[in-house]
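We just call them A, B, C, D, E and F in the order they show up, numbering each chain from 1.
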Amino acid sequence: MIKRAIALLLLLAVGALFASLLAGYVPDSELNQTARYYAERTAGDIGAANIVTAIVVTYRGLDTLGEVTVLFITAAIVGLVLAQGQPALPHTPRQLRPPVGELLTTGSRMLTPLILLLGVYVFVNGHLTPGGGFQGGAIIASGMLLLLLADPLKHFSHQLISVLESLSGLLFVGIGVLGVLFASGFLDNRLLPIGNLGELFSAGVIPVIYSLIGLKVGAEFSSMLANLSEIDKTDKTEET
Amino acid sequence: MMSMSPLITGITVLLCVTMLGAAVVAIRAKAMPIAILAAGLVSLVASILFLVLASPDVAMTEAAIGSGLTTFLFFFVLARIRAAGHDDAEMDADSPDGGKNDGVRT
Amino acid sequence: MISLAQMAMATGFILILIGFYGALTQRNLLRMIVAFSIADAGVNIVIVAIGHMRGRTAPIIDAAVPVADAVARVIDPVPQALVLTAIVIGVGVTALMLAYALKLHERKRTLDIARFTELKW
Amino acid sequence: MTWTRDLSMLFATLFGFWVLLNGSLAADVLLVGLITALIITLLFRNSLAVVSELRMTPRALMTTLGYVFFFARELVKSNLNLARIVLSPALPLNPGIVKVRTRLKSRMGRLLLANSITLTPGTLTVDIDGEWLYIHWVTVDSADIEVATAAIVSGFEEYLEVMYG
Amino acid sequence: MMASLLSVIGGVLLVAGAAFLLLGGLGLVRMPDVFNRIQAGTKATTLGTLLSLAGIACLQPAWTLKLALIGLFILFTNPLSSQVLARAAHRAGADKSPLTAVDLLAKDQLADDPKGDRA
Amino acid sequence: MAEFFVSESLIYLAAILIGLAFLLALFRFLKGPSTADRVVAFDVLTIIGITAIALLALLEGRGIYLDVALVYALLSFLGVIVIARYLERGL
């Protein structure tokens, strides 16, 4: 009980802090200097219609590289934590599990390619629409999840996933380095011509980089899902 | 396009109230799946709120990642813990019969 | 007159508080993680709300917002880029917490935080 | 020969979906779509597309058109029916799960049949087991298999049998 | 003149769609058990969303393609998810309304395995 | 201008109806009683959310918001299927 009282007291203090922040908040009516720079210069310098994408991929591209790395480490740690130590939990035997059902099997076989295509659309058009590599990667992982749900005996090819992941990561860094050599800096997007605003092949290498990020993030999320679901390696060896 | 600001304000109020209600359900629900579902609802409504706040990028990310993937991960883990034959996940740690009168016998 | 941003910000703050309350008072590990993810959503809402400006639209240039008007019509894109990162990292952190919770449950057959006493002082 | 047809159908569906998504016929969009659709087709060789098992005869295509109109009419009818039930204070329900059988063999046809049944008046497919469909019916007229089949399935089956076989 | 007529038609379609969505919500609240709720939910929301999207397409003709795509997607996924959910609810032994007249599925499952512990 | 007014007030009416539908579904979500009921309510809430997003795109005049609705449509489907498989112990 005393723990609860302390928690409430702490919350009261934090709440007071928040209330003072809220009371003192004056909304801007003009863009601040940084935002103004981005809003003015993105279309001309970067050629991307989506300013957020320009910031994520080019202006602050190094941060995104760090983010992708963090995500990679997270996926690796999830895999490591779950793989080490005692043998896995005693699973519900497969025979006792209800079968998937014809409707879901047929439906997923019909929808999975479309979902993957939607994911590709989202990350390829990252510089024109609200999409981007992270969203598209999540959608691709969701498509893989549907595959996994509809056919629990289907194994993810862990090898293919990790090859895809490393390859796209390498290419991402490689494009960054090429930017140093042939354009004006690391991850500079003017490696390719920036084209006309609003076309698919515009904004230099942004679509390429975002596609690579999309593939990498999709692979990472898929491996996370596969690791956290019951269908993991130990289970497979029992099956086969 | 038109003078729609009262409408937008109304939508925002509705979304905010929904989020707060769902958050309280997520904290207080007896059964674990309901708590996770309510947390998913918070993310889902948050993504509409992001759209109202003119940030479609964030809205899409929150919808695909915050609401989608996070919920799926939670349910996978819950299923694994349930498969271990331990119904701890289903009930509150400090109320022994919490989650039992749940209609669906999960 | 309260603006949209202020309303959203207040909601975000309250969500953070609800999440913290849950994380501090729950004893079930999974519930604590759920509470964390709610607080996460609250933080994201607050940051996005800071960037919002009344009567402006999304920072994407298309037929509705030509290049010439961009400075006068779009909102601050920087908080959005930050939140984009935060959400992705958030799910990574959640997955990590879930993996540890799963492993802890495997060891002790319980999710009750009070039973994990090895590091208690 | 059937697998080349399946693959090309899948490819065509994916490519059409891509063009619809982008809403443009520019050369670069088509190029990227071609490559993506090709890769996904090769990765998911045994997937199905909506049209993969559709018969490509003129009669089947005409039937498809008729099916779309029939379906739209049934959808509106089902909603009006639902409105009648929900808005009446007494809530006139007589729910139950009945069993019907279908003659359709193709998987896609059965999926479409189940979906159509779900969206039409008062019925919801609960489970499917071989040729037997279990239908939740809001107002059960008769639990007899033949009567229920005539009432629920046959309308769509006529169309779908010509389309998919 | 043409455009204004189209916009009025669009508005009417939008209101009709919203009314069907409301009907779905009402059905969700009033219906007595899970299966009836799924019925009300899936039918009314599918038609309601389709009509609303059609209305918006009339108001903004340039968006027709994308709206049609959303509509198609919903038309395929919505009944499918309802069916999967109905099956799951039945297997998990959801409470059925006392009005329920017959349940041939439960009968057949009992015949399949006499212990009846499929759920 | 008159027709414009008509369609504007129709949009208002539609938004209010959608809000009411949202509230009703939310009521079912909060009340339950079983998990499956809440999942149905969740599904309906997501689909109402799709309409709300399309309406927002209309109000703001930004067609690009529709992409978010597409992602939403996908999620409502997948979420329900994951939870359904969980409920029937098939996950």
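Keep this in mind: a residue touches a chain if its C-beta (ideal position, glycine included) is under 8 Å from a C-beta of that chain, and two chains touch if they have at least 3 such contacts.
Please read all numbers here as calculations on a predicted model, not as lab measurements.
Centroid analysis (C-alpha atoms only) places D farthest from chain C. Interface comparison, A-C versus A-F: the pair with the greater number of contacting C-beta pairs is A-C. Averaged C-alpha coordinates put the centre of chain A at 33 Å from the centre of chain D. For the pair chain B and chain F, the distance between mean C-alpha positions equals 14 Å. Distance between chain D and chain F, defined via averaged C-alpha coordinates, is recorded as 23 Å.
As a whole-number value, the distance joining the C-alpha centres of chain E and chain F reads 11 Å. Residue positions of chain C with contacts to 2 or more other chains are 5, 10, 21, 52, 57-58, 60, 62, 80, 84, 87-88, 91, 95, 98, 102, 106.
Shown for chain E are the residues that touch two or more other chains, namely 26, 38, 42, 46, 66, 69, 76-77, 80, 82-84, 87, 89, 91-92, 94-95, 119.
Across the assembly, chain F contributes 11, 15, 22-23, 34, 36-37, 39, 58, 60-65, 67-68, 70-71, 74-75, 77-78, 81-83, 85, 87-91 as residues in contact with two or more other chains. For chain F in complex with chain E, the residues that touch the partner chain are 3-4, 6-7, 10-11, 13-15, 17-18, 20-25, 27-28, 34, 36-37, 39-41, 43-44, 47-48, 50-51, 54-55, 57-58, 63, 66-67, 69-70, 73-74, 76-77, 80-81, 83-85, 87-90. Per the touch definition, chain A reaches chain F in the complex via residues 92, 97-100, 104, 111, 115, 118, 122, 129-131, 135, 139, 142, 145-146, 149, 152, 229-230. Residues 10, 13-14, 17-18, 21-22, 26, 28-29, 32, 36-37, 40-41, 44, 46-50, 107-108, 110-111, 114, 125, 127-128 of chain D are the ones that touch chain A when the two sit in their complex. Interface of chain A with chain D (complex): residues 101-103, 106-107, 109-110, 112-114, 116-118, 120-121, 124-125, 199-201.
Taken in their complex, chain C has these residues touching chain B: 4-5, 7-8, 10-11, 14-15, 18-19, 21-22, 26-28, 30-31, 33-35, 37-38, 40-41, 44-45, 48-49, 51-52, 56-58, 60, 75, 80, 83-84, 87-88, 90-91, 94-95, 98, 101-102, 105-106, 109-114.
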